[in-house]
Every structure is written in C-alpha cells, then in structure tokens.
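What follows is a group of structures, each given as structure tokens.
Here chain A shows up in two complexes: once beside chain B, once beside chain C.
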Partner chain A sequence: MVKLMTSILPLITRRILVSVVILFIVSALLFCILRLLPVDSAAMSMPPNATLAEIEAKRREMGLDQPLFRQYLIWLSQVLHGDFGASIHFRRGVAGLVAATLPATIELALLAMLIAGALGIAGGLWMFHVRGTRREPLADMASIVLLSLPEFLWGLFFILLFGVALELLPFTGRLSSGFERPVITGFLLIDTLLAGRPDMFVNALKHMILPSLALGIAFSPTIMRVLRSSLLDVYQEEYIHQARLRGLSERRILIHHALKNALLPTLSLMGVQFGFLFGGTLLIEVIYSYPGLGNLMVDAVRNADLPIIQAVGLTYCVVVLFINTVVDAAYVILNPKLRVA
Partner chain B sequence: MIELDRRTALQLLGLSVAGSTLVGDAASAQAKDSVTIGWPSDVLSWDPNQRFAPDAQSILKLVFDQPLDQNEKLELIPKLVTKWDLAPDGMSMAIELRSDVTFHNGDKMTAEDFKYTFLDRIKKGEKLDTANSWKKVKAIEITSPTKALMQFDSPAPTAPQWLAFLGSYIVPKDYLEKTGVDGFRDKPVGSGPYKLVDYQLNSRIVLERNEAYWGSKPKVKRVTFDIIKDPSARVAAVQSGQVDLTINVPVREVERLKKEPNLAAEINPITRVILLQVRNDLGFADPNVRLAAHHAIDKAALSKAFYGGAAAPLSVVATPGTPGYLSDYKFEYSVDKAKAALAKSGFSPEKPAQIKLAATNGHFPSDYDIARAIQQMWKKVGIEAELETIEYAKYFELNRGAKLPEATLYSWDNATGDPEIFAGYLLNPKMPFSAWKGMDVGAKVLELFNVADYKKRIEGYRALNKTAVEAGATIPLLQSVVTVVRKKNLTYTKYANGWILGNTMGWS
Partner chain C sequence: MSAVPAWLRSVRVLTGLAIVLTVALLALLAPLIAPHDPNEQNLLTTFLPPAWAQGGDIAYPLGTDSLGRCTLSRLIYGARIAMTVAIVASFGAMIIGAVLAHVAGYFGGAADWLIGRMVDVWMSFPPVILSLILMVGLGTGLRNVILAIVLVDWTRFCRVLRSEVLVVTRRDYVPAARLLGFSHWRTITREILPATLPLLITLISLEMGIAVIVEAILSFVGMSVGATTPAWGQMIADARQYIYDSPWNLLFPILMIFVTVLGFNVLGDGLRLTLDVRLTETQRA
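Up next is the complex of A and B:
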C-alpha cells in the first residue's frame, strides 16, 4: 500500500503541475483565437439600436480597447476569481450556466464510456475468440461498420428504432413530465437516489440509455480492435505457453492471465477516447434535447456568445486533463511494473 | 452475504420498475389535465422585460400578464389595463388598471408596479430590451392605485400596441427590489394564469395553473415545455406520443403526419414576413437594378418549393389581414420586365450587374436554399449575385457598420400586425433594422412616426408600402408560416400571429 501511494502521489502531483501549464496554454490559445474572429463582443452585448458612442463606452468597460495581452490578463484574473463574465445571449453569469449544465454532461459521458468499455471489451474478446475461423472476416467487417458510423447517425437511428417504431425508450430531456426534479448535486441519477425516489432514478436512467448508447457504440470499435491486438501480442508471451503446459484451460488463461495484461493499453486508450467522447456530446445533446454543456456550447456558437465558448472550452480541457490523470493513476495501480521500487 | 445483496438489489430494481410503471399509469390517468409541448427554443431570461424573443412569448404570456392583449384576430383587448386613451398628439396616454390582480406571491398589482416596469427600471439603467421600446417615456404620473398617465417626449402612436408586444409584462416592484434581478430570474413571479414550478435550462419548463388567477381559469392544470431544438427530434417526439403538440416541423413532414390516425397537422400563416433587406448604394444604387431584382423573383415558385405552397407571396411588407396590407396591389413577377429594367442601365445576362447577397443558414426554414434559388433566378435576367452566409446574431452589428451587402435575406416578426412595426421599422433609416438609408422613402417613414391619428397613420403606411416597393427600397417575398402538429383531441386557439398558448388548450 505504501509502495502504491509513493508511486501514485508523485505522479498525480506531476500531472497537476503539467495540467496547470496546459490550462494556461489552452486558455491563451482559446482567448487569442476567439479574439481573431470577426465578432464585436461589445456591439453584440448591446441592444440593436445602441449608438456608436454607447458601444464604444461598452468596449472600454469590457476592456476591449486594451492590447490583446492586457485583455487576456484581465480575463485570466477574473477567471481565477471564478468570474467567467456574462453571457451575451442570456445576459447572466457564465459560471452559473456552466455549473448548471456540466453535471448532466459528465453523467452522460461516464455512462457512455461505461457502455463503450463494456461493448468494446466484449467485442474485443469475441474478435479474439473467432480469430483464424471463418467468422473472423465477419467480425472485422462488423467492427469497421461500427467504426465508420458517427455518433449522431447512431443517435438518429436509435430515436427512430427505440423511440418511434418500438416506443420503448424516451429520447428527449432527462426526465418525463410528471416528475419534479430534485436539485441536490446536479447529477440526476445521484439526486434521485438521495431523494429516495428509485422510480425517478429508473426514469432518469431510461432517458440516458439512448444518448449514451449512441455515444458509446461509436467509440466501442476502437476499444475492440485495440483489445484484440493486445491479446494477440500477449498470447506471444512465454507465460501463456507455460500456463498451457501447466494444463490450464484456454478460458482460464484468457480471463486470469492474458486479459489483465491486455487491458492495460486498452485502459490507456479509453482515457484518450474520453476526451473525444466528451466532445461528441455536442451533437448528441442537441439531438436528444439533453440539457448539458454540449447543448449550451452549440447555442453559444450559433449566437457568437464568446464568454460561454471560452468557459465551455476551458471546462472541456479541465475535464479531459482530470480524466487522463485518473487513468494514469489507474494504470499504475493495475501495472506493478510502473510502481517505484 | 453475496446472495442476500443480490436479492436486495433485485428487489430494489423490481420496486423501482414497479414504481416507474405506477407513475407511468398515474401520468396517463392525469393526462387530460396536463399538456406536454415540444418547443424549439428556450426563454432567454425569466425577467420578461430583459430580452425580446418572439418565440418565447407563448411561454412568457402564461407566467406574466401584459397591460393589453390581442385576440386571435390581433385586435387589441383589455388585460391588466381596462381602459387606455392615447392623446390626439400622441404625447401622453392615460391608463386604468384592474383592481383585482395579485401576483403569484400574493402581492397586489397596482399602478406602482406599472410605473416601475415601464419607467423606473429603465431610468435606473438596468440592461433591459424594454429600455428601447419605451425610451420615449419621460414620466408616469400615478393618479390613484389603479390610474396612471404615461407621458412621452415625442409622439408614441404605437404605445397601445407596444403594451401588448414584446417584453411589456408588468413585474412586481416590491418582490423584484427584494430579490434583485438574479434572484427574480431564479424564482420569477408574475400575475399570469400559470406559475413556474420547475425550469431546467435548455431542457424543460414546467408550469402549474395559478388557482388564484384573476381571469378565466385555464382548462389544463399543468403545461410542460420540452425544449427540443432539432426539428426531426420534434417530429419523432410528437409521433411517439412523448409530446402532445409541437411546432415548426418541416413542411414536408406535415403532409405525412396528417395521415397518422391520432395526429392533426396544420400549416398556419402568421404575421412574419420573409423579405430582402436592400441597400440604396453599392450595386443597388441604381433603381433599375433593384426593381429588376424584384421582378425576377418567382415568389410562388419559392413558396411551392420550400413551403409546400403554404407561404403566401407578398408584394408589400405586411401580411394579409393586417391594417397595412394592400390586397389589391401586386408587384408583378416578370422576367421580361426584369430584363428590360436592367437593359435601361446597360446590363444583360451577358453583361450582368454584380452584387452580393447575404443569407442566414438555419435561422428560419430553408433560408439558405431560398437565397440560392434567388441567386439562380437573378442569373437568368442578368444579375450575378455572390452569396455569403451571415450569422443572424451579427445582422445588427453588420448593419450598424454599413457592412451588409446589397441584399440580405431576412425574416421579420411582428405579432401586433401594426404597419409601423412592419414597414416603419424595416425602412426607417434611423433604426438598426433597416438596411435602406435613403431619405426619399426614409423621410416619409420618419413623418409617419409622428402621426398619432390611427386612421391617418394606417392610410399613410398603406401608401408608403406601395411607394417603397416601387422605389425598390424593399423586396418582400413571402408570408411566413408556423407548422403545428398535435394530438387530434387536443384543441388550441389559433392566433394570426402564431402564438400557441397553453391557457387556451383543452382535451376534447
């Protein structure tokens, strides 16, 4: 345990330090790129019939008359104090808007990752199982089909199949009308349980199945293929031959010896995939009317709402860095070779 | 131990599913007392004076009351204000308020709230869109708890119309001062027929009937708005029964959904115009080119191609049934006339006039496709238009900086139907909506802004509508439509301006 902690703590500290640097770089890039867009934030935050003098006054108030570097410093100092500015479109604090929508997206992305992981591992095992048989081309083709369809197409397909044709699952929002949403943590699945409402928990879960399945299924084939090739590599290792010589069954060798080692690169991949998956929520949230960060971002882009775009961009970055840190720590936990001697 | 846990887990799951089924049953049992509406956009702010958004009016009108209202034919009718009297010079307006209105928190509505809404908040410098619509108000004199006199610094002939228009909702002074704007937006209090009980940004709005409402009680107890931005998802939601009514589905879907046994689908014309906002300079400085551009557009073909023929072609910037509309005037579609007009200025298909055309993509149905079709129609007569996409949110910024091109495809909503808010706003060179800055037409518009006599004003606008089109100052195209798909046994009142109000709904 002590060995484990001495391995993980420096790793986490190192990752946090690196993350801070990355965040600074990303925030500066984001700030500069958005300032290059032909959008006048001052003019857009004023009513249509504002005079040029009023817009100029607003520009000064927003610090937009300052050099770009100084503008960035002003913005950064406000962000460090938790102030992401006010939305041009909603005319209210951006931090509040992000805080209200982030839990929904995290919940959706985590469930989607869980589905992607389950499908990916099951599919990878099956692909490995059928290697060298007549079913191998079929398995390859299936994974390529899954890989080539983007998540929004899955989303539309699931709505038509499970929502409209079979009428099995809801596909709008997070909860059916008739339920009063408990607001405790913002994470609906947790809140419904904390409120002692298992019926509402099931209803919320039903609402999450299709969007998370659409996201998860689109990301599962990469996991399948990486797991399959990892298993093929692992099966070349000496200890697999020795296990066979010891008379262990193929099933036991796969589950108890090969899979554990083959999963390590898969886990690493899932960490990277999570970033893409989190980004994939943008379209899925719009299609499923899911009130998360993605939906907010799409609105912000449509309305050129720069303060929201900046804040959501940074939030995405923080979440991805956090998940990658967690995955790195998990990697150390699962792989004793990486621990400090 | 493991088995026990498993059993417990299974029992819990069973209970949950049973619970969910029970709730489902309860929900269907109370279905006749509730309505779920699939709505394309969220409200921008629960401070109803803060942001103008035409699509949000059908939601805001359920929670807040306006001083005046409109009936389904758009005639002004009393609401919180029972009597109003605009002075002949348009410089003041006396109003009389109801005495039996309470806000949702129990506060009584008085003339103090009226003054606070239309003067005090604006003078305090709060960031409100109503600060623009009511900027002419210089004082509101309260003569009794139910009587007040609005005084303007210049004639305000459309003040009564504005009392029933965007953002003009009376808010409770004491409550708003106590909570502040942020607190009010989190827990809004109005005097409308419904109270807000749950709101989740970009997702859901749940309203419950205000049992203490001063007016007639709505039939439906609970109205839920599911915010569904994607038109295909709205179609799927109404088809699968997840919502009872939805709007703005693609026109082609209306024909298909009409055939569903439990659904009714309609295309309703509304007081929204689709037009080309034109400049009076650059490649459009020449009136021949502007008139040719208008003659060359086959509006009926556009309507047929993009709106199933349901959008009426317009010759003036007003919709049928509104006071400024000219039913006996038609601007002719004629390729020959277009070519002849261009020839007068030395242009032809071989030597085309060069202009730019801007359009939004996705702001209203088929906007970009309409622009492309117009581009092709123009090409045939000798106008070569370079098409560019602009964001709707940037329209005012571009117009203010004179950066709009010669023509911009635009959609303009006017729930009042009043001609000032059609041609008056769209052609007033001093307003941010108008791309036209020419004073030949502009002077006539400015003059009409000071005419308080209703009859004279309407006559003036009817004449202006024709003059403006014949001068090539505007190119009206189509009357916009709203598509409505609903369960067959759900009834609602059809308003000429497209409002879909939950308090008029009921199950048959």
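Up next is the complex of A and C:
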C-alpha cells in the first residue's frame, strides 16, 4: 500500500500541476474568444431606461474601459476569489447557477458511462467471440452502424419510440409534476433517498433512463472495438498458449487471463471517452429538457450571457481534466508494470 | 495484375462512395430535384404526413412541416449545407493538423513540445462545448461554422499523424534524402508525405462524418446558418417542438444524417483496410 502510494503520488501531483497550467491557458483563451463578440455587457446589465452616462459608469465599474489584458487579470482575480460574476440574463450569481446544475449533469454522465461500459464490454466480448466465423462481418458492420449514430440522434429516436409511440417512459425534465424536490446534496437521486422518498427516487430514475441510455449507447461502440482489438492482441501472448497447455477451459482463459489484461487499454480509452461523453450531455440535456449544465450553457449562448458561458466552459474543462487525472491514477494502480519500484 | 486499384475493389469503399456521392448529387442538383422551394410556406397544408400514409398528398412526398414547407425539398437543400461543411471543414482541419503534425514529428524538440502542449489544451475541452463557444465569439453563418469546426478538429489529425510521422522519419531513406542534399521541405513533401498519405485520406473520410454531425448539432441549437437556409439540425429542432403533430418530420432528418455519416464511416473503414493503415481504435476516438 505504501509502495503504491509512493508510485502514484508523484504522478498525481504532476497531473494536477499540468492541469492547473492548462486551466490558466484555457481561461485566457476563453476570455479572448468571448471578447470577439460585439456585445456591450454593461448596457445589457442595465435597465432599458438607463442614460448613456450611467452605462458609461457601469462600464468603468465592470472594468470594460481597460485594455484586454487588464480585463483578463481583473476577471481572473475575481474567479480565484470564487466570484464568477453575475448572470446578465438571470440576474443571479453565476457560481450559484453552476452549482445548482452541475450535480444533475454529473448524475447523467455517470449513469451513461456505466451503461456505455456495460454495453461496450458485453459487445466487445461478443465481437471477439464471433471472430473468424461467418458472423464476424455482421458484427463489424453492426459496430460501424453504431458508430454512425451520435448521441443526439439516439436521444430523438428514443423519444419517438419509447416516449411518443409506446408511451413507456417520460422524456422531459427530471421529475413528474406534483413532486417537490428535496435539496440536500444537490444530487437528486441521492436526495430523494435521503429524504426517504423511494417513490420519488423511482420517478427520477425513470426520467433518466432515456437520456442516459441514448448517451451510453452512442459511446459504447468505440469501447467494444477497443476491447475486441486488445483481446486479439492479448491472445497473441505466450501466457494464453501456456494456459491452454495447462488444460484450462476457454471460458476461464478469457475471463481470468485475457480479459484482465485487455481491459487496461479499454480503461484508458474510457477516460478519453468520458470527456467526449461529458460534452455529449449538452445536446441530450437540451433534447430532454433536463435541467443541467448543458441547458444552462445553451440558454446562455442564446442570450449572449458571457459570465455564464465563461464559467460553464471552465467547469466542463475542470471536469475533463479531473477525469483524466483519475483515469491515469487508476491505470497505474491496475497496471503493475507502470509502478515505480 | 489488375488495372483496378485494390481500394476500388473493396465492397466497403464502393458502398461508402455510393452513399456519399448520392448525397453529394442531391446537394449539387437540389434546384432540379426538389419538388418545391424549400422556404415556400403553405399554411393551409401544415403537418401533412408522407404521401404513402393516410391523408398524404403526392405533391409533398415526405409531407410538410409546421409552416407547410415541403419536407423532401428541405432535406434535399439541407444536404447542401451538410456536404459543404463536411468537405471544406475537413480539408481545413486536415491542412492545419497535417502541417503541425509533420512539423512536430519531423523536427521534434521545441516545436514538437509546443504543438504537443497545444493539443493538450485543446483536448481538455469537450469538442461540442469548444465549437459552441467559438460560434458565440465568431457569430453565426456558414463561413463561421466551417471555421469553428476547423479550429476544433485539427487536433484529431495532429495527434494521430504526428506519431506516424515520427515512425516514418526514423526510416533509413529519410536521413539518406537529407545526405543527398534534399531540403527539409523537399524531404517532408517527397519522402515523408507519401508514406503518411494513406492515413491522411482515411482520417479525412472519418472527419467528414464528424463534421456533418457537428453542423447538425450547431444548427439544432440555432448556432449555425441563418433561419432562411434549410439545415438538417434546424429541421430536427423545429420538429422536436411539434413531436405529437408530426413524428415523421423528426424521423426523416434523423435518417438523413445517419445515412450520410454511415456513408463516410463505411468509406473510411474500407479505405483503412485496403490502404493498410495502422489506425488503432484509441486513435480513432
């Protein structure tokens, strides 16, 4: 355990340092891109009957009369103090808006990743199983078809099929009307359980089935294909041959020897995929009117609400960098070869 | 020996090409094929079902939308935006990505480090989010959609090509070319590029599919071309609001996007197999 910690700690520290540098660069880039927009934030945050002099004063107060670099420094120092500014459209603190919507998006992304992982591993095993048989081209074709369907098309298709045609599942929002949502941790699934409302938990879960399934299915084919190809690689190894000589059953070889090693590259891919998947929640949220970060972002984009766009953009970035760090650490923990002696 | 190159004998390449060329023809010949003007409204005949369904009108083969516009015509005209974005944006992303990849892989050192870190910064953003933010900064319009996709997706080429360039640069004939007095430019274009070209072609085919999806996403949230230019994503956004009035209107653009992307993916996969490109699944993602 101590040995494990000494090998992981330097890695994590390094990753965190790199992430912080990346975040600074990203924040500067974001700031510059958004300043391209010909929008007068000062005028937008004032009442319509404000005089030009009042707007000018506001502009000075917001630091908009300063050069771009100074503006960035002002903004950065506020952000580092936890002040992301106020939304121009909602007239509320941006930090509060992000904190209120982020848990919903995390819940959706985690559930979707679980589904993607389960489908991906099952599908990968099946694709490997049919190798060399007449069903192989079929499996190959199926995976290309799956690759060609992005998450939002699945989302819309599920609405048509399960929502409109079969009327099996709800497809708007997080809860049916009539439920008063408890706010304890901000994570609805956890909060409903903590509040002792299993009926509400089931209702919330039902609302999440279609969106998370759409996201999960869309991201599963890449996992399938990686698992299949790394299983093919592993089966070239000497120890598989050895295991066969020892008379182990094919099932045991696959599950106990091959899968364990083939899962490593799959896991590192899932880290990359999770970043894309987290971005994919944006469209899914819009399609399912799911009150998360994505809907907040799209609303902000439509209203040119710069403080929100900046903060939400950075939030997405932080989550992706965090996931990459976790996956890297997991990779080292699971792969003895990478541990420093 | 056959005069037909291997890649033209692959079923996948031919299937993919057939699909892509069909959509491209639809786009090119849109004014000749489309039965109606895509923006022509007829408020007396809104939400018509397709011609084969009950209540359908043969004049509107795939029915009409919430403003009585011909769905088939809008799909055909939508192919113009999709194909334009697919082709121009992919080539743009390819040019930036390939140039940076060759510089990084061939020269190594500081250039490689700098380009590598740039890719890291870009990769810390989900692509959809980055393109959306770029659209906010650039403003809507076809030119800016293309620009946004180029600025986001060059990393896909750069990441994968760089490692290929690294491998090729180490082959004997590259130092040999330098010893013969070839300039860096000539070594890269005459000795390295031919070896990385198959990978480049495969990547561009896959990227075209991605570009179609990104344009659909952007036009779905209303951040692509203006409202007067029909685009598939826009049709979906419109139909989503009237899902109970006409599920057909939602289904058709979904199918259109799917078939087009499938065409590019099948083509890319066929090219990968026949051009013998080493493209791992991890790189493809």
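Going forward, the second predicted complex is superposed on the first by the 336 of 341 C-alpha atoms of A that agree within 3 Å, B and C clash if a C-alpha of one lies under 4 Å from a C-alpha of the other, contacts with A are read in each partner's own complex, and residues count from 1 in each chain.
FYI, a residue touches a chain if its C-beta (ideal position, glycine included) is under 8 Å from a C-beta of that chain, and two chains touch if they have at least 3 such contacts.
Note that the structure is a prediction, hence the values are computed from the model and not measured.
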Looking at the overlay on chain A, is there a clash between chain B and chain C, or do the two fit? clash
Which superposed partner A:N335 touches (first chain B, second chain C, both, neither): neither
Counting only touches as set out at the top, which of chain B and chain C does A:L175 meet: first, second, both, neither? first
Quick check on the superposed pair: does A:S268 touch chain B, chain C, both, or neither? Answer first, second, both or neither. second
A:P150 contacts which: chain B (first), chain C (second), both, neither? second
So, does A:L160 touch the first partner chain B, the second partner chain C, both, or neither? both
Per the contact definition in the header, classify A:Y288: touching chain B only (first), chain C only (second), both, or neither. first
Of the two partner chains, chain B (first) and chain C (second), which one does A:F278 touch, if any: first, second, both, or neither? second
Return first, second, both or neither, reflecting whether A:V226 touches chain B, chain C, both chains, or no partner chain. second
For A:L36 in the superposed arrangement: first (chain B), second (chain C), both or neither? second
Once the structures are lined up on chain A, find the stretch of chain C hitting chain B; candidates are 1-9, 37-45 or 145-153. 37-45
Interface residues of chain A shared by chain B and chain C, listed 156, 159-160, 164, 286-287, 302, 304
Using the touch rule from the top, collect the residues of chain B that touch chain A in their complex. 12, 15-17, 19-20, 22-24, 26-27, 30, 34, 36, 38, 44-45, 50-51, 127, 129, 131-132, 182, 185, 197-198, 200-204, 206, 222, 224, 226-230, 232-233, 236-237, 239-243, 391, 393-394, 396-397, 400, 431-433
Quick check on the complex: what are the chain A residues that touch chain B? 39-40, 43-44, 47-49, 52, 55, 89-93, 97, 100-101, 156, 159-160, 163-164, 167, 170-181, 197-203, 206, 286-291, 295-296, 299, 302-304
Under the touch definition given earlier, write down the residues of chain A that touch chain C in their complex. 18-19, 22-23, 25-26, 29-30, 33-37, 144-145, 147-150, 152-153, 156-157, 159-160, 164-165, 222, 225-226, 229, 265, 268-269, 272-273, 275-276, 278-280, 282-283, 286-287, 297-298, 301-302, 304, 309, 313, 316-317, 320-321, 324
Where on chain C does chain A make contact in their complex? 120-121, 123-129, 132-139, 209, 213, 216-217, 220-223, 236, 240, 243-244, 247, 250-251, 254, 257-258, 261-262, 265-266, 269, 280-282, 284-285
